[in-house]
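Below are two complexes that have chain A in common, paired first with chain B and then with chain C.
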Partner chain A sequence: MMQNKYLLLITLAFVVVIPMFMPPSTSAEMLIFGIIAVSTNIMVGYTGMLSFGQAAYFGIAAYTAGLMLKAGMPLILAAPAGVLLALVTSGIVGYFCVKRTGLYFICLTFAFNQMFYFIAYVWTDVTGGEDGLPGIPRPDFLNDDITFYVFTAVVFFACMIAMLKIVNSPLGLVFKLIRENPNRAEAIGYNIQLFKWFSFVIASSFTGVAGTIYAMVYSIVPIDQIHWLKSGDIIFMLLFGGSGSFFGPLIGAAAYIWMSDTFSVIWARWPLMMGVVFVFVVLFMRGGMAELISNIYNRFKKPNGDPEKPDDTSTDKPVEVRS
Partner chain B sequence: MSIVLSCKGLAKTYGEDRVVKGVDLDVRAGHIHSVIGPNGAGKSTFFNLISCQVPKTAGSAFFEGQDITSVAPHDLPHMGVSRCFQRTNVFPKLTIYENVWAAVFARMNGGPVDFLKTIAGFGAVKDHAEEIITRVGLAHKLHDKAETLSHGQSRMLEVAVTLAGVPRIILLDEPTQGLAPEATHEMTDLIKELAAEYTILLIEHKMHIVMGISDVISVLNLGEKIAEGTPDEIQKNQMVQDAYLGRLR
Partner chain C sequence: MTFLVLSQILNGLAIGMLYALMAVGLTLILGVLNIPNFAHGVLYALGAYFTYTISELTGSFYVAILVAPFLVVLVGFVLESQGIKRLYQAHHDYQLLFLFAVALILQEVIIIVWGPVGFSVLPPAALFGAVDLGLLVYPKYRLALVVFSALVIFSLYFFLTRTNLGAILRAGIENREMVTVLGIDINKVFFLTFGLGAYLAGMAGALATPIMGLTPSMGLDILPICFVIVVVAGLGSIPGAIIAGILIGLSQGLTTIWWPEATNVVIYIMMGVTIIFRPQGLFGIR
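Now for the complex of A and B:
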């Protein structure tokens, strides 16, 4: 827990520093994808359920909030409605998905994502189809980009603290039991399908929170935000940052936004680069950046500590996705 | 003494293979009731039927009057039935404490809201978990990960997780499997001790172990119960001797 407090402080420092190097809207995007990456990791890293469909709930919340804001409704209504819709749809989708495990689970999440994408694609009257949903107004008090960034940061920290609480609660422990050994988790009396469903819905709802804010960043929801490729990008963030720690995915999210922001303007084929990085991480850095950093940190710290005992004995953490 | 667990015609067929062929078995309260038999006799499968791990082909098992073969596996501990597994089946990346804590909490939580509180806030769960861990002799390993335990210690953790479910009957599947003589001794002592508090259904392959501690022994061979009685009666039984020497195969 102590360690988490330090990491939360480091995160705070980054949140303050980022806008000094980047446009405020790009910085806000980093935080938004940070929420998505960490929340998806509750499901992937903590519970051991690899979902390739999280963009669906991001998109659903973004469209819902965007449409309501466009209709002139206040944020105080639009934001909860976006989250609620992400919660309800993930509740329905999750009900079917948690009945399956492994590859079948992944395929189901993927298939549902595709379904929502096609709905958004053909329902042009509402979603704007291929062109995306433009012209989303921000509430007056958020018109200034810096104010908007501060608002995003506040929501970001609220989400981080809430999610930290969840993974350190008995609920979070049950998630880890399911990842470690679903059969025994059931044998000691936990209804694992129910808890997997909770994990699914919690992860997707926080992703929904991110979606509602995203709608206001550039005042548009492009259709690729609900495409399954975006779901793949989210998994990239987890693997790159390290799904083995709570904060690791944040590194992945920041790196992803930074890369897409920097390289997309100079080279249209920039996703190729991401592919190369991905291959490198999977082959040589299985624990992601988080593991790399903690290894370096431990190497410097070791001489003072007890050399027999590894520093990293805390178990309030998820486990990397390994295949 | 009253019968707490009563199996009637419990059977399991895998394809053509009749692994358990309609077993009747009554366990009395407070007894150590052992099920012995050669490897492949169907003992573990019999246990899996009682504990809803595999769907039965026929028959039923009543615990305190309730049929436990048609409930969901996660309901079983809440009915007072707790089992351990032949192959150690715990949570390797979690600590000994978390392993046991989680099993205690499964039974001792006060409803959904408790799942969102902090783990440190449950004093009674903590005390019970620590008491069990001490009892199986793993107190010095409290915050080590389960995967770091030796085989003998893993078997003890397996039993600890089973006890943590606050059971009224415990089903032990070969708890001494693969243990060195010293550790086997510790485990049998523990089972004897537990018998004062729980009804125990014990699967054991090694005959000499059950002879000393059992009240009743049932012998399974090729999926059938071929004998039942006190250790003395079983020891004298010719059919049992034959089964163990493989002459019935």
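Now for the complex of A and C:
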């Protein structure tokens, strides 16, 4: 697991460098969506459950934290409450969703996402309906944008380390087992629905953490953030970055934020450009950036190693046969 | 009150028929091709916009309703042969992202071509106005819509149950491998199924223009409803999709009487109740 440490260090370097090139709020948004992408990947990439409804838990946490902050409660209460509500709702929804697999699972998560959207849309007294939830105050110690970014970065790293621990723990191994061979997992004696439910709830809770911070970035929760289109964007982050690796989705999240920021300035019809990029990724970039980078890395690694020494796997030396 | 309830039942039936057309197409694509068609909504929107343009050009709404769905089929054929075809072996997440991207792109294309502002279309002169049904006075067009979509659904049902190709499609939903083993070119079946699904979506869009109006986001708005119907019906059940579509339309119509704001929430309540008591959906077997 040494490699993960290096990758974590590279991530740290990026987190330090990003705000030098971008406004602090955009950089914070990158980290927030980074948490969402990596946490969703626990479910999609590690457990093999394709959820098309993660925006729901992001939105639920953001609305809850936003409402509590607006009511004058301290962050120390509002943030856990947002995460807790994301945990509880995902626990209930997950209970029904994990009974189904494949397409039915996708349909269910998608439909539940839109259910929460309409609740937010209709419940105008509380959520602000179509206008979103504006005027969320930040706690005093986070009023400065740079301080806020540092705070976001600390939470981001705490989440990254926690999630890294989870996917490398025995629990994470069970998740991978369920992805690779659910029948076998069941035969060994694992209650796969229970573990799928764990995966669902863990992923959604970390998404909830991201949601509570998001509520404070622009002091508003727009209703788009709970719409199913956002769930599609999250899937893009995973696939662009590479759902096969832990850190890959981070690249996807950063790229998504950067592209939507850049494109939306160039042309009012920027979702079209995003769509074209999505199609490109699907048709020509399977495996995502993570695989691309590791391929390039491997190509350069060989000549840099010891050219005299052949690979361990190569068999040009005659094998000694002992009799 | 009776007047209100009766007219809302008819309204619900009219919308339910549109939902049924959409949901049957979606069920066919989900069942036979095994892909989640997130572009289904935008095909519906295209059907509506094509209808609008053709009826403006030719001056005839009837011509538009006949031609527009076939234009949508063409779009569907291009999508299938250029994109989806390469993704049958891929993971669901790539299929999902591709169809999601198609939905985004086509919606933006609609905005570029027809503008971001919605507009309404009048029904043709013969179907304009209301008819006195004795108990209530009801718009002619909506009645015609119910009758016409019932005709489409019946002919579709006839096609699926009484023709060879229909039998192949149903077999495809039941067991795809077996269909391939029987020597049927599954790629052709996929191509035609996607076309048929696109036709039904386009037809629903064409019929919807005079009652729902046109907005660029109409496709994105109807899509989740179609998926709810499929979930309520149970994956892969065509009669289920028809019945669930009409049920959801009716329940929306009736909710409008007592609590208009909740019309979009009530369908999710129905979905919730269904999956609590029947996780496989009303007509699902698996």
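Quick notes
Just so it is clear, the second predicted complex is superposed on the first by the 303 of 323 C-alpha atoms of A that agree within 3 Å, B and C clash if a C-alpha of one lies under 4 Å from a C-alpha of the other, contacts with A are read in each partner's own complex, and residues count from 1 in each chain.
Operating definition for what follows: contacts are C-beta pairs under 8 Å (C-beta built on N, C-alpha and C of every residue); 3 or more make two chains touch, one makes a residue touch a chain.
Computed from a predicted structure; not experimentally measured.
When both complexes are overlaid on chain A, the residue A:I235 reaches chain C alone and has no touch with chain B. When the two complexes are overlaid on their common chain A, residue A:L87 makes contact with neither chain B nor chain C.
When the two complexes are overlaid on their common chain A, residue A:A62 makes contact with neither chain B nor chain C.
Residue contacts after overlaying the shared chain place A:M49 against neither chain B nor chain C. Of the two partner chains placed by superposition, A:A28 touches none, neither chain B nor chain C. When chain A is checked against chain B and against chain C, the one touching more of its residues turns out to be C. Of the two partner chains placed by the overlay, neither chain B nor chain C lies in contact with A:V38. In the superposition on chain A, no contact is made by A:A215 with either chain B or chain C. The touching residues of chain B, when paired with chain A in their complex, are 51, 53, 72-78, 82-83, 85, 89-95, 98, 101-103, 105-107, 109, 114-119, 122, 143-145, 161, 164-165.
On the chain A side of its complex with chain B, the touching residues are 165-166, 168-171, 173-174, 176-177, 180-181, 183-192, 313, 315, 319. Residues 30, 34-36, 38, 83, 86-87, 90-94, 96-98, 100-105, 107-109, 111-112, 220, 224, 227-228, 230-231, 235, 261-262, 264-265, 268, 271-272, 275-276, 279 of chain C are the ones touching chain A in the complex. In the complex of the two chains, the chain A residues touching chain C come out as 44, 50, 52, 96, 99-100, 102-104, 106-108, 110-115, 118-119, 121-122, 228-229, 232, 235-236, 238-239, 243, 269, 271-272, 274-276, 278-279, 281-283, 286.
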